[in-house]
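Several structures are given next for inspection.
The following pair of complexes shares a single chain, subunit A, combined with subunit B in the former and subunit C in the latter.
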Partner chain A sequence: MSTEHGQQLADISGYRVRLDLAYFREADLWVETLAGGRARVGLDPLGAETSGTLAQLALVAVGTAVTRGQPLGSLEAEKFVGPLVTPLSGSVVATNEAVVARPSLVEQDPYGSWLVEIELARVEELDELVSGETVAGYFADRVERYRREGVLAE
Partner chain B sequence: MKAEQDARLRVLRFGRVSPLRSQTLWHAIAEGVSNGAPATLSFMRPDSPYVSVGYHHDLGQVDLDACERAGLPVYRRMVGGGAVYLDEGQLFFQITVAATDLPPARHDALSRLLTPALAAFDAAGLPAHLDRSGEILVGDRKVCGHGAGQIGNAVVVVGNLIECFHHETAAGLMRTPGRATAAEALRLMRRYVGPEEGSSVDPVAFEHAAVRSYAEALGREPSEGRLTGVEREALARWDRRLASPEWQAGPARRRSSAWQLKVRSGVYVVAAEHAGARVEASVVDGRLDALRLEDPEASGGASAAVQALRGRPLAEVPAVLADLGAAGRRLTAAFAAASGGEVAVTSRARAATSQEAR
Partner chain C sequence: MTRVSLPLLPPKPADRQDTTREPSAASQVSPDWVRISGASALALRFRSGRFGRRFDFGGINLLLNYDDGCRSDCAYCGLARTRPGTYEDKSFIRVDWPLVRTDELAERMARYEASLTRLCISMVTHPFAYRDTCDITERIRRAVATPLSILVAPPTLNRRRLERFHELGVDMIGIGLDAVTEELFRSLRSDVPAGGAGLKWDQYWQVVSDARDVFGPWKVNCHTLVGLGESDRDLVEIFVRLRDQEIFSYLFSFNPEPDSRLGEAPRASLRRWRRVQLVKHLVETERYGIEDFRFDDDGSLALLTAAPESLEEVIETGRPFTTDGCPSSGGEPGCTRPYGSYRPSEPFRDFPFDPDPADLAGIRADLALDEITERSRRA
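And now, the complex of A and B:
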């Protein structure tokens, strides 16, 4: 494991993974807790890879109230439209317009390409995310499963 | 009983339906499959022409006035892709399965659900192949438009057997920046869309072969079926939704200053301006096919650059235009603005854009 700019990074099964973030297992998203009861959300490296090169990204408007597991927007790659769901309930307070303008940034830099910031309505939902010492094992298990299913190259 | 039903491939044949129903039926089926209905292969044909736009597509790229004059409705669909002209010369098919039955990688899921269609195209008289971008082609001509989407817990892939294509009508319904780009769009549509003129296409053979091929690929027994109660209720809801102005407007998106028309995967007509420089170009598989360059300071040089650029990869644009000095940088920046999405953008072109902006 290495530390760069305060980020704890580790190479896990061929992926550069941030261990200091939390992960939403239902939708391949990372979550960074911010000050003031806010959280930033983005697609994790596996989510970015399985989505493919994004051609379109639509996000709900700033101010929209969202509920965990419900739509936060939509993604499109290779003419395939899929939902983007929120890992946390709250109010969307910022969207990353640079990524909306160039969705392919997500594939190039999943951790640098955050999607939304949410002001949390239920802080306790953070406890349901994968975080801390379990992140490395969780990520390795997912990679192994995806490779077993033929989703990822060996 | 449930397990037995789940092992079937439900086949739904709707025949000729209204333009609205040719879209809303499969949205409703996706809700049904999401709620436990078996994997479903469906067929239908619109009984009159219309225009459809992909879920994220900018409605501004359709000439809505021309559509209105021609009496053609415009419906936004909940799958991807661009604006397409659809009419009774196209047989629609849709395969809808539970998302959990597919690999999580979208490219793989799409490939799995499009590949069985190839046997059907072959049976119809079109020996097609699937290219790396998921386009179904005969030679280099597109014979099937497709899109995919996840609706609830179901994934639907929609496609059409293009029996014949009305290129002039289709091109005339797209908004273009001028006559030259309209003419170029028509030229490329004639060149790359629809079966070769005189091709004999058999839609009945297509349907039969599609049922066999999808049943085999999915390991299911085909069984003729009908809509469930859940799907009939969903259909009424989707009828209202697709006909509403709010749905037609689509999700909020940033308007691009450039114009881009996709003819098929890898084939585009693009146009953009930057600081008085203007570029109009067609791009075929990453190479410049035809182009026009305008800049107030590069009259003679622009002609030479056009000759030099024709047939070259987009990535070489900055190097070729460098000889034109400031005009070349403006034109390169216009190219960078015109490109985007699936048309490659070079880092040098982006640098030129930044330099011009400063």
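And now, the complex of A and C:
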């Protein structure tokens, strides 16, 4: 494991993974807790890769109230389309227009390409995310599962 | 929602480690290199990614690759000579086709042979296309036994060359007629800005005839592209003509390639497309003739004389709406080209799997058959 700019990074099954973030199992998303009861959400490296070549991202408008498990947008790739499901309930206070304009940024730098910022309505939902010491194992398991499913390049 | 228009996907090497591509190589051309479809790249794990719906996929499509590209200049094609951009950066059917080493491809085919259903080599109009197609066919045949088709470039062929393909183990031949009338063919493919590269209506039909002789009944298919300006009557006439020769019509839905000469042309509406799918199935499978349809003055389908009950039986199978493609060794759909002529976020133009009940409900709504059946006329 290494630390760069305050980020704890580790190589896990060939992927550079931030261990200091939380992860949402249901939708391949990372969550970064911010000050003031807010959180940023982005597609994690496996989510970005297994979607295929991204073509379009759509995000809800700033001000939209979202509920955990409900769509906060959608992504379309060369052969795939699906909803982006929010890991947290609250109000969307910012969207990253740069990634909407250039979805390939997510593939190039998943951690640097946040999607939305949410003002949390239920802080306790953070406890339901994968975090801390379990992140490494969680990622390794997912890589193995995705390899079995045949959605990762060899 | 904040949205931007869907861009063409950027050219991208075949795998994330970029080990199959040599940026310093002067020339990555066939027969040592080929392009493969995006779906093929996923199926063979050259690229990461998944399909929007879960279904088995094993139809691998290859495309010959040359530095100087295809010699043709078809008005609707992404590879057309006068379409802006370098050949390497040109898309084909709106997405880029990753470039891979032929031998690596054959190795991957062998590795995943159990899941493969059909292979197809698409030629382009080029002086080396025949020679290289033979070479690639031999490499593939040495690696796997999966049924193999060739989508031929008629200007590069004659009967002897078709016989050679047959000897090499190719079992089906496709001919990309695309434009279904002589007039359309001439305007879109022969009389074109960069010259027609020898694409002639009569020559295409000669290759159809030769292929039929060499490969036998229901071993040849003609690609018919819906939305190039033809009428419904034109389509039905060609479906009947091909059916009577025991040749398949494979339907494709025109999807404008940005910056091509037809880049701004509209697609066929989903309603028209669904009706053409149904009509083609009725002609090819249920032996309907031109007399079973009525057309208005501009050739648009106006009336289906069949009883709605019998049409419903056909629709319920879902088969008219699945992808036209060469079969697997077991006779099931083998080449299914998922998302080949529509975006993943759009309705399936053709289904790479059997439509489920929800899909069928959508298909029935698209068809609006009550507008064109006898019963509605009597009511």
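Convention: the second predicted complex is superposed on the first by the 150 of 154 C-alpha atoms of A that agree within 3 Å, B and C clash if a C-alpha of one lies under 4 Å from a C-alpha of the other, contacts with A are read in each partner's own complex, and residues count from 1 in each chain.
What we mean here is this: contacts are C-beta pairs under 8 Å (C-beta built on N, C-alpha and C of every residue); 3 or more make two chains touch, one makes a residue touch a chain.
Computed from a predicted model, the values in this text were never measured in an experiment.
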item: Subunit C versus subunit B on the shared subunit A, clash or fit after superposition; value: clash
item: Subunit B versus subunit C as contact partner of A:Ser51, first or second or both or neither; value: both
item: First, second, both or neither for A:Glu76, with subunit B first and subunit C second; value: both
item: Which superposed partner A:Ala61 touches (first subunit B, second subunit C, both, neither); value: both
item: Subunit B versus subunit C as contact partner of A:Thr95, first or second or both or neither; value: second
item: Partner chain in contact with A:Leu19 - subunit B first, subunit C second, else both or neither; value: neither
item: Contacts of A:Ala27 with subunit B and subunit C, given as first, second, both or neither; value: neither
item: Subunit B versus subunit C as contact partner of A:Leu115, first or second or both or neither; value: neither
item: Region of subunit C that runs into subunit B when the structures are aligned on their shared chain, from 27-35, 207-215, 297-305 or 351-359; value: 351-359
item: Those residues of subunit A which subunit B touches in one complex and subunit C touches in the other; value: 49-52, 55-56, 58, 61, 73-74, 76-82, 97, 100-101, 149-152
item: Contacting residues of subunit C [partner subunit A, same complex]; value: 1-4, 6-7, 9-10, 12, 15-17, 38-39, 42, 45-52, 95, 338-339, 343-345
item: Subunit A - residues contacting subunit C, complex; value: 49-53, 55-56, 58-61, 73-74, 76-82, 95, 97, 100-101, 104, 149-154
item: Contacting residues of subunit A [partner subunit B, same complex]; value: 49-52, 55-56, 58, 61, 73-74, 76-83, 97, 100-102, 146, 149-152
item: Residue ranges of subunit B in contact with subunit A within the complex; value: 54-56, 78-81, 103-110, 133-134, 146-150, 251-254, 340-342
